[in-house]
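The structure appears below as structure tokens.
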Amino acid sequence: MSEIRFEAVRKSFGKFHAVDGVDLDVKDREFVVLLGPSGCGKTTLLRCLAGLERVDGGRVYIGDRDATDLPPRRRRIAMVFQSYAVFPHMKVYDNIAFGLRMQKERKPVVDERVRSSAGLLHIEELLDRYSSQLSGGQRQRVAVARAIATKADVLLMDEPLSNLDALLRLEMRAELKALLQSLDATTIYVTHDQIEALSMGDRIAVMNQGRIVQLGNPLEVYDNPADTFVGGFIGNPPMNFLEAEVSVNGGSSVAKLSGGSFELTGGTAALAGHNLLLGIRAEAIGVETAPADGLVRATVIVLEPLGSHNLLTVRCGEDILKVSIQPDLFPLAESDVWLRLEPARIRWMDRDTGVAIHTGTEEFATQTAVITS
Amino acid sequence: MTTIAEDTAPLARRRRRWEGLPYLLILPTVVYLGVFFVWPMIQGFGLALRDESGGWSLSAFETMVDDAAFGDAMSFTFLLILVIVPIQLVLALGMALLLNARLRLGGLFLYIFLLPLAISDLAAGIAWSAIFTERGYLNTILEGVGVLEQPFIFLDPTSRTQLVIAVAAAEIWRSTTFMMVILFAGLQAIPKDYTEAAEVFGAGFFQRVRHVIFPMLKPSIQVALLLRLIFAFEVFAVVIALTGSGATVLAAEAYKWQATNENEHVAAAYSMVILGLSLAAAAVVLVALRTPRERRLR
Amino acid sequence: MALRQIRIGRVLAYVAALVLSAFILAPIYLITISAFSGFDAVYDYPKNLVPSDLTMESMNIFLDSEGVTDSLLRSVYVAAITIIVCLAIGTPAGYALARFTFRGANPFQLALVSTRAFPLIIIAIPLAVTYLRVGIDDTVLGVALAHVAFTLPLTVLVTASVFAGISYELEEAAMTLGCNRLSAFRRVALPLALPGVAASSIFVFVTSWNEVFAAALLTLRERTLPAQMLAALDTSPLPYRLAGGFFLLAPALVVIFFIRKYLLTTWGKVAR
């Protein structure tokens, strides 16, 4: 059983609070991604879990043990470092075998585990080489093989794919996910790449300035951001945020933007009177070429053809939005388009705090697991 | 000044957890240097400021200054510095630039240029005495080529100028390399982009050296000059080997008073003078070649 | 046109390099052939620039002279002791400087760097006095201890630079795989630091082998080679001096060959 629990963990470097009160529960065999920009504390939190940094406050539990005061070697973890940290003075074989030899495993066991780990990572032919004779991608595989060879309960990965080139990163992502799914370990994975996070994690902990801002499965984090930071960090392009106000006219509510207004569905009356931000994703905005009721006018600034869709940058009043449209529509620059902002896809945020406001009228995409037996 | 650890660690990992461990690790060094470096130095002060009876007095300094050899030693030392340092600076810069130019056989030149680092000043003195001596190699060559008709006495004890030149030659030969090493390291630290940009904008080689390389090399030049001056005040065995008793320097006088005259007070006084001159020279170099923070490379 | 300038420039560069090389090699060459020419040939004039017959005559006379082989041995002992003590004390300090940020680090490093400003002379004289009182005057150990004081600061700085060049992540990785701090150091950091540390010890060797002032001051009968040579400068015959000079040069020259690469990288880094 290898659940992980962080309880009010704090870690500072001088005056800088890298981790500022983090509570997190990770279930056994779960794959949790720590996602956030540089300096948000994700790597520090991982290193606190590994025992490479001593926490200044709070406690860390691994399995059923309080690991807070244990050195790394007694926590039953394995780690893949961002720079791979493959020992340059040892052959690949000895690198992979290192952890097992430290545990004083018998030679046949060591040999079998090294070869099977190498096989899983497809590096059997490299066992006799030295790190300097390997490419970056190969070194990365050695680092992963070394980590899984010990069959530790907990696997920690610190941006393992960041130093690979884009194409290699894509391949390794899928391969790594498949590999990790087949293992028994609980995995904590740190990255700043939100695409990586969305694609790999069971749950994502979005971090900013030392705190966890939102914890949820990828779809939750994508479609129901807890605040403007999450909405702006996740998704490519980031979520659009427009300054807005809601006024109530008789029985209906109207959303007022700088570029126009449109009617909202019921249930949004409570928003009236607040300073609001209207959040909506680029692909949730419909585009018409002629004006109609409920549409808001905008002017095209730039069109970027991206192959699978076209990305428009439009100005709507004083706001600039990104809008995704089908790949065969090519509105000209300076031309007008009319936008339909689907009320159910709008995510309202408080303009002053940036925090999401739920009206109950939102429609969220949910992840339903189809289990076939 | 940042410590070596601060220079190489990324921000988040700069502080290791505080333990007594680092202090424990440096303790032997601190203790050793305290006993064998700091304490003797303090003792040196004490020796120089005392006399035979053990009381405080300046008699050691008085004796030192009254001795005719003191003036000789001072002037000879300063003459040497005046001759050696500028020549060495130019030479070291040239050698560093040559090494930087990546010529073919660069590795061979590197080894040859580095050789003098291993040569002690005593060996240098002996080698050059074989060259300069009346029946030596220089005369052989000059007579053979026809420049001289008979052997020239290079090491004339009565001619101070000749002695300075002889010692200077040996010293330049021996110790230019260590200045070159410092300058070369500084050269390597200058990103190629700057010289390439200068070249694109029309600067020839010497212009590049003057306007781009030289200013950026100032910190290295500062260090090289500093060390050279400090070592220059300590020059010792090469003078004895080349001139016998024909000329003397401060360090040689210190040695003489300690070993021959058995008067450690005057010897210590001499070493104080050397120390004072070294520190003064250091201060001068640090101030004169100071680069204001905004203009530094980093 | 520009190409011609470049070519002329390159040619000039080669010429300059050759001239400088000749300048550096000439005295070494000359002293070598002097040392290996016959006892009387040394006094010949004009000298033979290209040696006709090389003999070990001068060398043998030198080596058979009283006290010479002993002084050679003593130089070796002194250098060996110096290296061992320097490494034993300096390596941990260098590791501490490289890996830890602690409050004393900056002043400590500053102090080490500034020891260069203090000449060996200033500690040699008081040490001579102290040694007499303590009873280790005129010993190999005494000279070695003085040499350590002289070379320890540089050793610490170079070692620190070497360790700093080894990513700490490697030791951290070892710690996650079952090592404690000490075994991580032993299995990962130390093997990788060995080349650099070896180079710095060779530099210590050269420094100790060549050092003459302190060695001459601190010994009377138990002299090292340089001290012996210095004392005998006035009284010894020329062949003796030349052979001795050769012995002073030779080991160091060989040694420089092996560490030339490290000299440029670590020395330069340490010079701020």
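Per-chain residue numbering starts at 1, and chain names A, B and C are given in the order in which the chains are listed.
Following the convention adopted for this analysis, a residue touches a chain if its C-beta (ideal position, glycine included) is under 8 Å from a C-beta of that chain, and two chains touch if they have at least 3 such contacts.
Remember, it's a predicted structure, so these values are computed and weren't measured experimentally.
**Student:** Look at the interfaces B-C and A-C and say which one is made up of more C-beta pairs in contact.
**Tutor:** Looking at contacts between chains, B-C has the larger number.
**Student:** Farthest chain from subunit B, comparing Cα centres?
**Tutor:** Of all chains, A has its centre farthest from that of subunit B.
**Student:** As a quick test, compute the distance in whole Å between the mean CA positions of subunit A and subunit B.
**Tutor:** 59
**Student:** Taking each chain's centre as the mean of its CA atoms, how far is subunit B from subunit C in angstrom?
**Tutor:** 15
**Student:** Using mean C-alpha positions as chain centres, tell me how far subunit A is from subunit C in Å, no decimals.
**Tutor:** Centre-to-centre distance between subunit A and subunit C: 56 Å.
**Student:** Scan subunit B for residues touching two or more other chains and write them down.
**Tutor:** 14-15
**Student:** Which residues of subunit C touch subunit A in the complex?
**Tutor:** Answer in residue numbers: 167, 169-170, 172-180, 183, 188, 191-192.
**Student:** Of all residues in subunit A, which touch subunit C in the complex?
**Tutor:** Touch list, subunit A to subunit C: 50-52, 71-73, 77-79, 81, 83, 85, 87-89, 98-99, 102-103, 146, 150, 156.
**Student:** In their complex, what parts of subunit B are in touch with subunit C?
**Tutor:** So the residues of subunit B in touch with subunit C come to 1, 3-9, 13-16, 18, 21-23, 25-26, 28-30, 32-33, 36-37, 40-41, 43-44, 47, 91, 94-95, 98, 101, 103, 109-124, 126-131, 135-137, 139-141, 143-144, 151, 173, 181-182, 184-186, 188, 204-205, 219-220, 223-224, 226-227, 230, 233-234, 236-237, 240-241, 244, 251, 254-255, 258-259, 264, 267-268, 270-272, 274-275, 278-279, 282.
**Student:** Which of the residues in subunit C come into contact with subunit B in the complex?
**Tutor:** Those residues of subunit C that touch subunit B are 5, 9-10, 13-14, 16-17, 20-21, 23-25, 27-28, 30-31, 34, 43-47, 49, 88-90, 92-93, 95-102, 104-106, 108-111, 115-123, 125-130, 145-146, 148-149, 152-153, 156, 160-161, 164-165, 168, 206, 209-213, 216-217, 226, 229-230, 233-234, 238, 241-242, 244-245, 248-249, 252-253, 255-257, 260, 263-265, 267-269, 271-272.
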